[in-house]
């Protein structure tokens, strides 16, 4: 039985996906844990949970590809790949026909042009400051004293969305406070916040040729308000997989599967271990 | 292995010695008042003119980047910010001003107060402010050579006349300041030297068309740039570049590249992040990616497309070089075409655009450049941001992540292509 | 002897202070503190009532109310509004007369204020472009490291090998902290590192306001022992922390009120005497 | 002064109604947009075209495309100008003129060229070496080159007399602006800057004749006013010569206790200190006037008389108490000049405050606090 795994260590959450390929590629298990302080342990926990769910022994896993910012911390990984490459691969598997990926994670957002075989054609990302990322939403929720899950649905009820001046994740708090002071409704404020992020994300994506189908990935994809806001500025529907947050791990697992039949030397597998004198 | 990939032939030490000798001359000038020294900007510099007075150029940019490479740029930058310079001012200027205020020099030796601060304005408005501030700070005489920016494909008659007249005014100015007469023949010889050096340098640049390229036209070219700007117009320069060409030619003929196996060929746009020069280079070395051409190596002059100084027409050719034959005074679209030629004729796999926040001349609009190369020409392009002098703007993890992702993608495209080619 | 109030409407807390003049000497009679929430006027009222309660006074006995801080214009019953920078200078100078440089580390904005020997603002600089180096920076770190904000100071004092934080973004600093933690660095060392990078950023501001050998630290963050030590070590200066430093602005406001009131008085008296004449 | 509020609406309107009206009433007539500061409007006017200064889009346009072309650390006006182009707002124009004022603006010129290939886009090189005897001749040549291009675009012939006439027209317009500034310096209570600003700014898109008429009426009206003088400090504003601060910010500055007694807002509308001579070769006359007669600013370099002397003079002349540096975010020329300005002001014992703005910002709480503190530090003993 040919089994491989992908582990995506993100800044807030770590995901592991176990996949098998016996004539047909299929997902055996997906596990999600909070990354917390110890990245290495988070990766192990996610991986082990995945194996348990799949009802297999970790030894049955033939190859493990690590991705995400914490990828170099995965002790048991066979190689690493960037989350950009993995997101493209995962998206075109979970959302067939994907040509553009819009990924909104906790601390960065990125857009990827994807080829017919899930390869990356071009990409852009915003990772210097947390402006307009998922964290932006989390903070807004925090300030308004509501849970992150309520944010999206509430924003859909906005009548007259407010204008958000700052994109700084921290300063948006004082904006929100003064709007609350002016007696604006939570719906309108959140509506404004969502539009602000959607516009920022789109102007990032515009650096690429945005081509359908457009898939949205990353934790924020679970936020119905954000999906709606993005679809409005895009002027078209997006593909959103229920497994959106696992896409990176799925991509990694798919590469791990391919890896099972390939030799270490072929180019794409130049992970940091494979290269002499890398890091 | 990091040592191995960097080009280290006999000329490497030679280059070091030349630059050291230069700093010694400056130190001597600081102590004895001779030779005369002239502050100038690298871009479109007219070092030939100085030879007519046996004067030595003083390049604030070289001092600034030396500090950055040695991880010593932050203190002077902060010192300058204490004077009121903004976080978003060019960090070259801040480092230079900070050094003068704190009395820091790259070698520890003395730097003279220049006989003349000669602002060769070639497109970079920051140069004007920089030299104006230096003149105020150092109480030294200032003269500006106002070089008309390239608004057309070629320098116009009126552009040339304007610059030639100013060059002659500069000569008068220097005659007053040095008290010695301008030696026209020596000037002509200098121009002749330059044209020979330029020929050699140009041939070196063209060696990078070979696959594998015998040297990295970004990282290694920078080591060769020092002598190019200081010694171009002198016999030492001709000698040095003749040796460099011979060595690299031999390497090329033996099919020796920068890496055991040259995996990717790149064109680099923008100055390097000097404070993380080594780290940055390693990020490309990891993928055995070699720069075969770079725009940054043409700031001082653009010679690989045929321009040479002309001893039969010294003043006008110096003027032409300052107006039309250095990347900084050429307009943005001309830079697009320069890069395009590199990609096509040096046969590169992709383009790296390095946005440096300090330099708006280089960086303002590079998003449009990216748009042109990715959407119009379909050239794989990576856009990364940091700075050429200020260590606070280099995000190692993020930069590495982008570079890795870029090469992972490029690898895909190449494998796919080779598969198509095979089928 | 007149009764005055100074009210400082900050983003998170509203502080009120009641004072009177006793033989030309200002005397503090009562203090009140409440969460600002969204209704500035109510918060100001509530804080003031507390202060009055402590002073055993009621509102009608107040002759003058000076409002300061973010919400100063929201206080409907104010006689004057003055910025928190001006009042910080006055307050700090009153409590610590040798104060020439003030550092105010607020939730979102760090400020350095240069003060004259009479307590006037000479020059001030604030970094409010980005939350880097603000109190928020510490709050987030504390939250992430699962330590109470109150403990932060003590912990950071225990540091042995402080770890620098280089990120310019208060939010992205977290991922750096993640790396430190996973690299097995102790919470103490990380917190100290945070305090030190905060101190360095503050140092840059303080240089611009011509700080000499000492500074007066105010604002909520001042209560953390660690930051004071970091500042003293990194900037090589004496760090004064006025007791209950978060009332400094309210105090400064009340003191300025006193000045205005005195001004009015003398004006009124001259007017009266002229009339009597 | 209702008329000026209307003016505000008109320059705030990114569809450039005034320009469209002008063109509709003159079939075939052309309008040329120029990037702010030193533009040879006389030449455009002489070619029978409408010169319009582009002052960005303020907060009335979300940047959705332009920041993909101009990345971080670039000022807003550069981005909003390109954004207006990419979103069709500049459709009423037949050409764009840029000049050497800064590196970002210069690169913008060529980015515009690439993105609007059908359009006449030109770049004017203004000399940075006025001390060279060759500068005037060069600039005259440069003006001649541009005039030829305009003739090509307009399909017309422009004789020297036409240029001389345009010089006279603009001389009059600018002398009125100078007079208004003089009156405000004497009686800032009579001419609130928020109002004056809109009046002058109107000149950036109105036909000069129409604008001149407005200035004349205004001058009469202002003079007859008798507003109460507030207890405010007198300040000079420096640094807003290109990207413009939002009007509410200008009004806030006065509201917070400042009388603005001199400023460099929309300086491109009034950039000659005295009349341009009309005799002789008009192009040479314009050229020498740029070199010898134009007001200092951070984007004009004349090492014969340093800009900081200009600023100190300005403060003395206008009897100002202090200088307020109002600098557009990422405006590098203004950032650089702040240093020598600061040094010279401190040498002269003139208080100053540096503030940063963006044309698109619309909340000013922090700025207000800083301005009020500055005022308080000057009025409270």
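Order as written gives the chain letters A, B, C and D; numbering starts at 1 within each chain.
As a convention for this text, contacts are C-beta pairs under 8 Å (C-beta built on N, C-alpha and C of every residue); 3 or more make two chains touch, one makes a residue touch a chain.
Not measured: the values here are computed from a predicted model.
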Can you pull out the chain pair that has more C-beta pairs in contact than any other?
B-D
Which chain's mean C-alpha position is the greatest distance from chain C's?
B
Find the geometric centre of each of chain A and chain C from their Cα atoms only, then give the gap between the two centres in Å, rounded to an integer.
41
Approximate Å spacing (C-alpha centroids) for the pair chain A, chain D:
47
Would you mind pulling out the distance in Å between where the CA atoms of chain B average out and where those of chain D do?
35
Multi-chain contacts in chain A: which residues touch at least two other chains?
69, 128, 174, 207
Multi-chain contacts in chain D: which residues touch at least two other chains?
67-68, 72, 365
Could you tell me which residues belong to chain C and also touch two or more other chains?
168, 175
So what shape is it, when you link every pair of chains that touch: line, ring, star, complete or other?
complete
Tell me, which parts of chain A touch chain D in their complex?
128, 163, 165, 174-175, 178, 199, 202-204, 206-207
Contacts from chain B onto chain C in the complex sit at residues 78, 81-82, 84, 392, 395, 397
Of all residues in chain C, which touch chain B in the complex?
166-168, 175, 204, 207-208
Mind pulling up the chain D residues that touch chain A in the complex?
62-65, 67-68, 72, 361-363, 365
What residues of chain A sit close enough to touch chain B in their complex?
69, 81-82, 84-85, 115, 117, 119-125, 127-128, 207-209, 266-268, 270, 272, 275-279
